[in-house]
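Order as written gives the chain letters A, B, C and D; numbering starts at 1 within each chain.
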Amino acid sequence: MLTGSPARQRQVDYQAILEEISTQVRQHLGKGKVADYIPALARVPADKFGMAVRTVDGDEYRVGNAEEPFSIQSISKLFVLMLAVSRLGDLVWTRVGKEPSGDPFNSLVLLEHEHGVPRNPFINAGALVVLDLLMHGVRDSRRLIRDYLRVLSQNFALDFDRHIARSERRHAHTNLALANLMKSHGQIAGHVDRLLDVYCHQCSLAASCLDLARACLPLAASGYSPLLGEAVLTARQARRINALMLTCGTYDSVGSFAYRVGLPAKSGVGGGIVALVPGVLSVAVWSPELDRSGNSYVGTAALELFTTITRHSVF
Amino acid sequence: MLTGSPARQRQVDYQAILEEISTQVRQHLGKGKVADYIPALARVPADKFGMAVRTVDGDEYRVGNAEEPFSIQSISKLFVLMLAVSRLGDLVWTRVGKEPSGDPFNSLVLLEHEHGVPRNPFINAGALVVLDLLMHGVRDSRRLIRDYLRVLSQNFALDFDRHIARSERRHAHTNLALANLMKSHGQIAGHVDRLLDVYCHQCSLAASCLDLARACLPLAASGYSPLLGEAVLTARQARRINALMLTCGTYDSVGSFAYRVGLPAKSGVGGGIVALVPGVLSVAVWSPELDRSGNSYVGTAALELFTTITRHSVF
Amino acid sequence: MLTGSPARQRQVDYQAILEEISTQVRQHLGKGKVADYIPALARVPADKFGMAVRTVDGDEYRVGNAEEPFSIQSISKLFVLMLAVSRLGDLVWTRVGKEPSGDPFNSLVLLEHEHGVPRNPFINAGALVVLDLLMHGVRDSRRLIRDYLRVLSQNFALDFDRHIARSERRHAHTNLALANLMKSHGQIAGHVDRLLDVYCHQCSLAASCLDLARACLPLAASGYSPLLGEAVLTARQARRINALMLTCGTYDSVGSFAYRVGLPAKSGVGGGIVALVPGVLSVAVWSPELDRSGNSYVGTAALELFTTITRHSVF
Amino acid sequence: MLTGSPARQRQVDYQAILEEISTQVRQHLGKGKVADYIPALARVPADKFGMAVRTVDGDEYRVGNAEEPFSIQSISKLFVLMLAVSRLGDLVWTRVGKEPSGDPFNSLVLLEHEHGVPRNPFINAGALVVLDLLMHGVRDSRRLIRDYLRVLSQNFALDFDRHIARSERRHAHTNLALANLMKSHGQIAGHVDRLLDVYCHQCSLAASCLDLARACLPLAASGYSPLLGEAVLTARQARRINALMLTCGTYDSVGSFAYRVGLPAKSGVGGGIVALVPGVLSVAVWSPELDRSGNSYVGTAALELFTTITRHSVF
């Protein structure tokens, strides 16, 4: 992170920028496709759009449906990783790699070739291993994860969508295959069924853009949460999670995403994306239609506009 | 890139930092292995170490063997890409992808599965495709590439190491396999033998850390070359090449490299690495011993120290 | 199958041959390794050796532990396939391929690349699909399979080893991964857990060499069971299952096995192998130590001796 | 091989059978596709059909264009293997495997994963390795191979089609990729260009069904050539080459071919297939249109009819 915050000095008018983006991205509606692998997700209206910014100085900006909760899906992998790293430190990296996989998020191929050790914590296999680690010795893991997100976002109404969680569980065959394959390699300590239950719950967490921008803020602020007035990660941990987001956070289009947007980010098939400008701000966007890689079509376009206008790319 | 340059304001003592790094990294000598796939490279003394920094403001700092030329090898892929992008623009991206491959730099597997279209311009297959594009209609491609690097570095003595070039050509079987496989998919327009000849020459270019830091500087300066007093790339092109370096520039350890160093970088098996702090400076380091992925062992450690001390990580 | 039975005309002394083989193979004891992926299998004494021959003319020969039941494991895939083909005919081949996989028996890689359609019915994935088909509309599939083997072998005491079945079920993670992956591709109609339960039971069936030689006999006799006095398969079905055994029946060493032994065969990790001389006889051998591919080390050597001495190779 | 020859005893009317087949297969004309990867092959009339049988007793039968030479292509791999095995014995198997590859004939994937050692001598990579071995110390390898086929077939007019050979050479990029990849793994001793030259010539050999049936005959006769009155292979070698043909001889449809035809066979993209009934006869068929795997569409159907009518399947 660069010390000092040039953005502050430039007095960027984020509210005007968000509104401009909100107008411009409307042209892209209809170009992507709402996730339909579980029925509950397929029912979300395709034209929802929300975006929220929270600066490290405490200012907040929002546009559209920025306060409406949606299914965060894989964005939960980021919070579970933050939680695991804060509790277990570098132990996490003995069980999961830090490299982009070059394969789809739910591929079993590399797992088989690499002894069940997932390439990174943002593909499904890696997220399952991190969760397995986190669950060890914890009585109520679902609650632990939910409460962590509640505290980070300071929204104590934030909760699972139990309807989504059940639907995920019924369609979890690929994840069951991943978990069982890793179990067969001795990479999963706990019970596969219990692991899948918690995993489906973490994916079903419902949060708004504003909740997510608030909850991610420590990653833009050297691990410090301005909302809590305390550090939730070390500066080094925050910086490194950012690096992982940039190289592995947006499924199998991390290269294109870095090329277009230029920010560390994590996306979910619910249509949400969170991104960070280190030292400056966190931003979250939501639009349900996805591109071929599973990232929000409009959300990516909105973030690309955001870095083009604000020049906030890390590059 | 963040506008404004906090580093300038902070008055960092780069000379002291380079000297400190030079001392600290000595402990890592002997932990890596000098490249031996061609005999000419294997003869380079393992204890060479040089490092050079050039800021966008025009200051230069160096330590150790920073002015001694060495074989830049894959770092040449960066300059050939810059040259191709500056001459052909987005046409380049119709022939090569922008995603990390997840496989070693010389793998044929993905090529076969993906119709001969390489994942990115920094794996060998991608570099060959970019070179093939660049060579189209050019009478003397070897000279074009050499002169581009001469101009960027303002070192007109910079040249091929013909001994290395010949040695590369004799051991080019894997690259011949890659080029022929792509040719069979119709992805290479020119003659395979001529392509390999130019490729082996570009890899054999000999340059010093100082040359490389100077030549890369436009990538840290929105495409502008302070040495030439003119732009060699658009700001957008420069930013995007940086993004590619971060996600694909250091063989199959891009994730770990981003995690440890946190800067866009390109490495070569000659032991050189160039890296960029957007808006601030370029840095080049040389130490011949390589880690398992083919990146300089000591060079990576030196850059990690550099970003730890200067806090110049992009994250 | 060649019409007429030259062996009959030659008056081969099978009893003497079996005894000769039994002596000669002792030198190979200790070269393989008893299967240890489930504890119950690992406890079988390594020096067991039995062999039984049954000719289409009704003669039987045996040596060593030929009447001692052992865990037939993957040999059960052969009987489940015979049963499925006899009940469902060519419908079976709409759900599973007929090609060697080139990968280990429990690999998930090809499955992922080929939309969950297994290469052949003798790799685990293919056996699971065939079983899923067979189970459709059947009330007690475990019993159906057991009784089929009882009738074919005319041994009504033949049964599951429930201890083995339970042990299999507890270590079924790889098969659970396979089944769930296929389920995610829509290739499995039934419940994965129920499927695995029946699968682990079929693998746990305990039969002797004599039982197996009798039960396989229809494959050497154009589908006709001399024991039952009726056809259990059409001649065409029998011939084609033999073809599949030769190209896919012995894990990832089908080529070497065909090269050395030259007979259609199916092996199991319990150390059993059944093989057929079309038009002449069936033969079963048991020795628990396995080679690297999972075939009985001594069993393969015994069959190689058998075809060398009798000249019964199909080639 | 079964001793004794039941076919002899049955007095099969092969001439009538060939004529019957010739009539029945006409319905399949137009269902396949003539090879077009080199222009010279694409010009062969699609409606050519020839078939020839030679029994171990010396009788010959033929129908259609059975005496018209065509490009034998990959069938040459069989003769080069016979020649290499007869000269070098088991040394051949230290350099190439005996297992079906599960991948297309020109795939590089397994090569890369398995250190450049090809799975079997009938995929292109394996044929190149066998040829490299054979060429060692030989002054004129092209002539050696041609003359071997001349002697086996007793047709001294048999020759290369130099037009085809040149065309092959110009389109040899995939094979160049394979050879260079193996060279990079140290699996090819000779010069890649010289190897490719001989390889393209062996593929261009022009022979008729009658030539091929005669030349293959030793494989059906325990290695003995009735035409030459001497053994060209040991019985063991002949039997083992048959085993390899059955498990690896018909590209990536060996399983289906064994299932339908049930004979050891080797096919070529010129539309030829040779097959063997051990102890009884050799048969060759030619029809230029290919199925998806590269085997003659009509040729496979003709052989299926042949084994259905004669009951000559080995199963």
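Just so it is clear, contacts are C-beta pairs under 8 Å (C-beta built on N, C-alpha and C of every residue); 3 or more make two chains touch, one makes a residue touch a chain.
Predicted model only: the values in this text are computed from it and were never measured.
Asks: Hop across touching chains from chain A and tell me the fewest hops that reach chain D.
Replies: Counted as steps through touching chains, the separation is 2.
Asks: I'd like to verify one number: the distance from the centre of chain A to the centre of chain B, where each centre is the average of its C-alpha atoms, in whole angstrom.
Replies: 31
Asks: Counting only Cα atoms for the centres, state how far chain B is from chain C in Å.
Replies: 56
Asks: Starting from the mean Cα coordinates of chain A and chain C, work out the distance between those two points in Å.
Replies: From the centre of chain A to the centre of chain C is 49 Å.
Asks: Determine the shape of the graph in which chains are vertices and touching pairs are edges (line, ring, star, complete, other).
Replies: The chain contacts form a single closed ring, each chain touching exactly two others.
Asks: Chain B touches which residues of chain D in the complex?
Replies: My answer: residues 107-109, 112-113, 173-174, 176-181, 183-184, 192.
Asks: Applying the document's contact rule, which stretches of chain C touch chain D when the two form their complex?
Replies: Contacts found on chain C: 1-4, 6-7, 9-10, 97-103, 110, 119-120, 238-240, 242-244, 246-248, 252-256, 258-259, 262, 264, 278, 280, 311-315.
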